[in-house]
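A, B, C and D label the chains in the order they appear, each numbered from 1.
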Amino acid sequence: MTYKIAILGASGYTGAELVRLIATHPGIEIAALAANSKAGQAMGAVFPHLRHLDLPDLVTIGEIDFTGIDLCFCALPHKTSQEVIAGLPRDLRIVDLSADFRLRDPADYEKWYGNAHAAPGLQNEAVYGLTEFYRDEIAAARLVAGTGCNAATGQYMLRPLIAAGVIDLDEIILDLKCGVSGAGRSLKENLLHAELSEGYHAYAVGGTHRHLGEFDQEFSALAGRPVQVQFTPHLIPANRGILATGYVRGEAGAIHEALAAAYDGEPFIEVLPMGDAPSTRHVRGSNFCHVGVVPDRRAGRTIVIAALDNLTKGSSGQALQNANLMLSLPETTGLMLAPVFP
Amino acid sequence: MTYKIAILGASGYTGAELVRLIATHPGIEIAALAANSKAGQAMGAVFPHLRHLDLPDLVTIGEIDFTGIDLCFCALPHKTSQEVIAGLPRDLRIVDLSADFRLRDPADYEKWYGNAHAAPGLQNEAVYGLTEFYRDEIAAARLVAGTGCNAATGQYMLRPLIAAGVIDLDEIILDLKCGVSGAGRSLKENLLHAELSEGYHAYAVGGTHRHLGEFDQEFSALAGRPVQVQFTPHLIPANRGILATGYVRGEAGAIHEALAAAYDGEPFIEVLPMGDAPSTRHVRGSNFCHVGVVPDRRAGRTIVIAALDNLTKGSSGQALQNANLMLSLPETTGLMLAPVFP
Amino acid sequence: MTYKIAILGASGYTGAELVRLIATHPGIEIAALAANSKAGQAMGAVFPHLRHLDLPDLVTIGEIDFTGIDLCFCALPHKTSQEVIAGLPRDLRIVDLSADFRLRDPADYEKWYGNAHAAPGLQNEAVYGLTEFYRDEIAAARLVAGTGCNAATGQYMLRPLIAAGVIDLDEIILDLKCGVSGAGRSLKENLLHAELSEGYHAYAVGGTHRHLGEFDQEFSALAGRPVQVQFTPHLIPANRGILATGYVRGEAGAIHEALAAAYDGEPFIEVLPMGDAPSTRHVRGSNFCHVGVVPDRRAGRTIVIAALDNLTKGSSGQALQNANLMLSLPETTGLMLAPVFP
Amino acid sequence: MTYKIAILGASGYTGAELVRLIATHPGIEIAALAANSKAGQAMGAVFPHLRHLDLPDLVTIGEIDFTGIDLCFCALPHKTSQEVIAGLPRDLRIVDLSADFRLRDPADYEKWYGNAHAAPGLQNEAVYGLTEFYRDEIAAARLVAGTGCNAATGQYMLRPLIAAGVIDLDEIILDLKCGVSGAGRSLKENLLHAELSEGYHAYAVGGTHRHLGEFDQEFSALAGRPVQVQFTPHLIPANRGILATGYVRGEAGAIHEALAAAYDGEPFIEVLPMGDAPSTRHVRGSNFCHVGVVPDRRAGRTIVIAALDNLTKGSSGQALQNANLMLSLPETTGLMLAPVFP
């Protein structure tokens, strides 16, 4: 049996990445592609790398007949997403890739995003989409909220450590380096090639990046007490990839064991041998996440590092993994593509 | 049924690319991986992007038991390849990715490569591996010689034009731009990141690049008379991709028609609408080749442009496509991966 | 004595490059910087790499008092430039970096730029700014029109050959590869890092690029008969640099001699030894242009290659070289900065 | 008066960078260039970007007559440098760019570099070359030891804070991102373009990088007690640039004040306004260092960030700045080149 899906926001990078992954997925068929600003165009005109595929033309969201659609991916900008989803059929399975349903508390949402939520009822219903930690809830959910790509990376390295009680919860520093595609296809001067290439910098310094809302929510819930990490993202001149370097207090041995135990049997999370550090180039284009642990020269301090592809495991790959669960398909279907190196 | 294959030269980029592609191929299993210089190591140690795969460790070529191996890929340096293949079982199906069996005439081989061929008998047996033009011979072959990546690109744009008689055979100029991975993983000063990044240049200028041997052989055979193109490759600061810009004499309409007719029904060759120019970014990581045609402002002159990924369609993807034919598998098996963009 | 200059359009890349070069120029002082869209800001806020300099704040063009200004650089978009310059004092020396005064014939201007010229009288007065070939006229000029960056590159390789009569005027092909900064700081989807990085393509294929207007004008005037070259620019993922590969008919020896003779004693044009090919990385950030000659394997055909930095020799460096002449300063003042490699 | 200098190790990146800077230095003339492995070649053949300069050919070190040489730059690999310098005239002024004379304690040297020092007497004589903090000693020195490029970056941000007592000495984390040229021109697989481009990773994780020897020595001496920072370098796909992100405990206001006070009047160190973060692209190719301070959301925690160009301020620019002092030339001579952006 083949499930029919729709993608709203198909003219952005996460939309295109969904199409790329689904192109070789044996159980899913793309029935509709929406992109209001480019409605009427062929997908191959907007994204020529997809021109070999037999895809429906882009339409407006309003033109889609959701009858017969088994699941809908929303790859829309945040704020738009909540408004659109509020208007979709109530029985339609939805995987949202925006930030709109990640924070359970409407006050948290408003604090980090600056506006009151337009669909607080739905926010309540949404399941947080970090597959490995919410697998059963996701399988049973109607609406799944894809995580932030940085938030996913940080959680893959830290959740098992918080859960196992092997690190000091008050001394967690995350220095994160992300590629350019995480910023999307929007027209901003600081995203031009001539501005970015051959240079790098920190941004949202000092605890102002919105993905901190997810860290605070998830880590505090997991610890049963408030946890606030320090978090500084940096923009690196590469298209894909997130590398998160975590500075924690705890014994490297216990930390490595906690990670190995947590991810034993997980198809997409690879815990490297003690002392090895991962690289973004080794996960590029794939749904894999590599995690490494190295003890510091100062006793009781450990460096934990995670690498993933922001567009795949950090966004569209995660979304497809969740969709597989929601459709009762094997979780890894269509996602075992090996990384592209060099 | 699953076929067992071996890869000799698995520690180079084309070897790793074969593993990447075969990782999701349903009918082929990797039974042996050889790399003399790195024998004893795990493949995941040499190429960490493949660490999630359950692969045999690297061995020396001599350690492989070829009994039960259905097909062997040779991704060895040229010259080494002919010596190794001369020693392999005579009934073993082989896809060679080196330059050793591309030129049929031993004198041509010696002219371009500077040494007498060590296995002229095998050279005679080998079938030239440009799938779309040697499909039947490849399906029946024991030994297939993978083409040069530049040679493949130039032939995809020019063969149909020569065959259809729509261009002047004496006035063909190929200005080619290739990515860095085409030079392989060898340690050369001019391949260092600091040397290459942010700069570009022509090399092998004036008709000295070895892939000209293939152009001369194939185009002359096709035309039934000597054809010598002008060919200048340029090294571009990108990892994957070949873009060939061809300057030819002929009417753009006839040229476009000849290409469209030649590739009608071909799964991997996309002829763009008249006036469109292809880009390497739209074929990256895939087995697709995009070809475009644009008339020049001066009547009777036309620009033809082709783009492909040197490691995939230009090398390892082509090799797998040929292996599929040789094993009577559907030709596209494992090769429909969509390009990775951005 | 120190001359006072103004820069109009100081918030673009060529404006910033002028400031970079003038920063260590001993005879010129920046008295005013205009950028209407960013008026009121400090230059160091718009271009933090210039923050160590003591510069006037950005103002609107209307706010500048041109009394006491010895020379004005106009780094404005084309069309805007002609309107602004029409309103400047008639005795103000001007170096224009836009396309507005490059084409002497108003009909040519309209053909290539699509609008009637707003200041045809000034167009008549303007001297074409290719320093090495218009040196005396530039020194005496009030208004100098900076050349297109691609147009400069092509002319450096071809003018001496046309002048010496050593090539076939009807068989000139220019395959040009340019870096990203040539497109300026404008917000276009195809200039985003995620779109450009790791990919390359041809654009304005078939003879539609506006710099062809300059080639046609200059080469025809030089030859005393119409000359139309074939010209295809390609966009390369690097910030600075133009590499032009020319395919011509003529003997390499005569061609090399003509270039060597033409540039003997020229401070910025380096003719490489016969057989050497230049690279953009070896002129980056400098006012130098490297030119190489290689004979093809086919007798009577030669490849000529030129490399320069589009922002320096192709634009702002050229402008400063011309300004030096107009102000009777030594021509190389402030311009002997060595290229930045790696 | 013009001073004559020699450069030993002129075929590496720091040697070439010295030549680039000295090319426009009015008081220094290059009298000799040595590179044993490339002796006999023209500098313009080894580094074509320098071909416009009138430079002496490369010779072996033994061929140089040091009579009449006022100062010698040693840009040799560590270990080689100490052996060579031991054999140079005892009255020759030397600026060493290697690691050989940075650590005052021979035991420290042996601990970090793995071999006993071959010239411990000279080690004693050497002055640490961090100009802004050892200015008087450098001016009076015969032998100056250039700092590590990472070590310079970290010290520019931290020394004023340690000296002013405004941060907790036991809680300093330095997460550093460096460009590729810092690794030099050596042939290593992991420095190939195809390996590095589009990916990034941490290396020397856990406190094993040799520049920690400098941090330990300098910070402990400054504090009057042992100080051990945590330090993780990352390799970024860009050629030039170091960005160091420091996580410290202390009030942002006091930290910003300490930095502003320390660098008031310094020609090359720019302290950004509170809350601004520097970028490597804004110091590229220059001798400037930008330092920024941002308070964290958690009280008492502050992020300090510094950016410089590893080949200029981190190495060859620093060396020239020190040479100016040693030769009683104005310290900034030849070093006010503005950064190259884009």
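Observations on the structure shown:
By definition in this document, a contact is a pair of C-beta atoms (placed from the backbone, for glycine too) under 8 Å apart; a residue touches a chain by one contact, two chains touch by 3 or more.
In UniProt terms the chains read A, B, C, D = N-acetyl-gamma-glutamyl-phosphate reductase.
The structure displayed is predicted, hence computed values, not measured ones.
Farthest chain from subunit A (centres taken as the mean of C-alpha atoms): C. Looking at A-D and A-C side by side, the one with more C-beta contacts is A-D.
For the pair subunit C and subunit D, the distance between C-alpha centroids works out to 36 Å. Each chain gets one centre point, the mean of its Cα atoms, and the points for subunit A and subunit D are 39 Å apart.
In this assembly, the C-alpha centroid of subunit A lies 45 Å from the C-alpha centroid of subunit C. Each of residues 13, 180-181, 194-198, 237-240, 278-279, 281-282, 284, 341-342 in subunit D touches at least two other chains. Per the touch definition, subunit B reaches subunit C in the complex via residues 173, 175, 177, 194-195, 197-203, 205-208, 212, 228, 230, 232, 234, 236-241, 243, 245, 247, 275, 277-282, 284, 294-298, 301, 303, 305, 307, 341-342. Interface of subunit B with subunit D (complex): residues 13, 180-181, 183, 185, 187-189, 191-198, 237-239. Put simply, subunit D touches subunit C in their complex at residues 13, 16, 19-20, 23-24, 47-53, 180-181, 197-198, 239-240, 267-268, 270, 278-279, 281-286, 288, 290, 311, 336-342.
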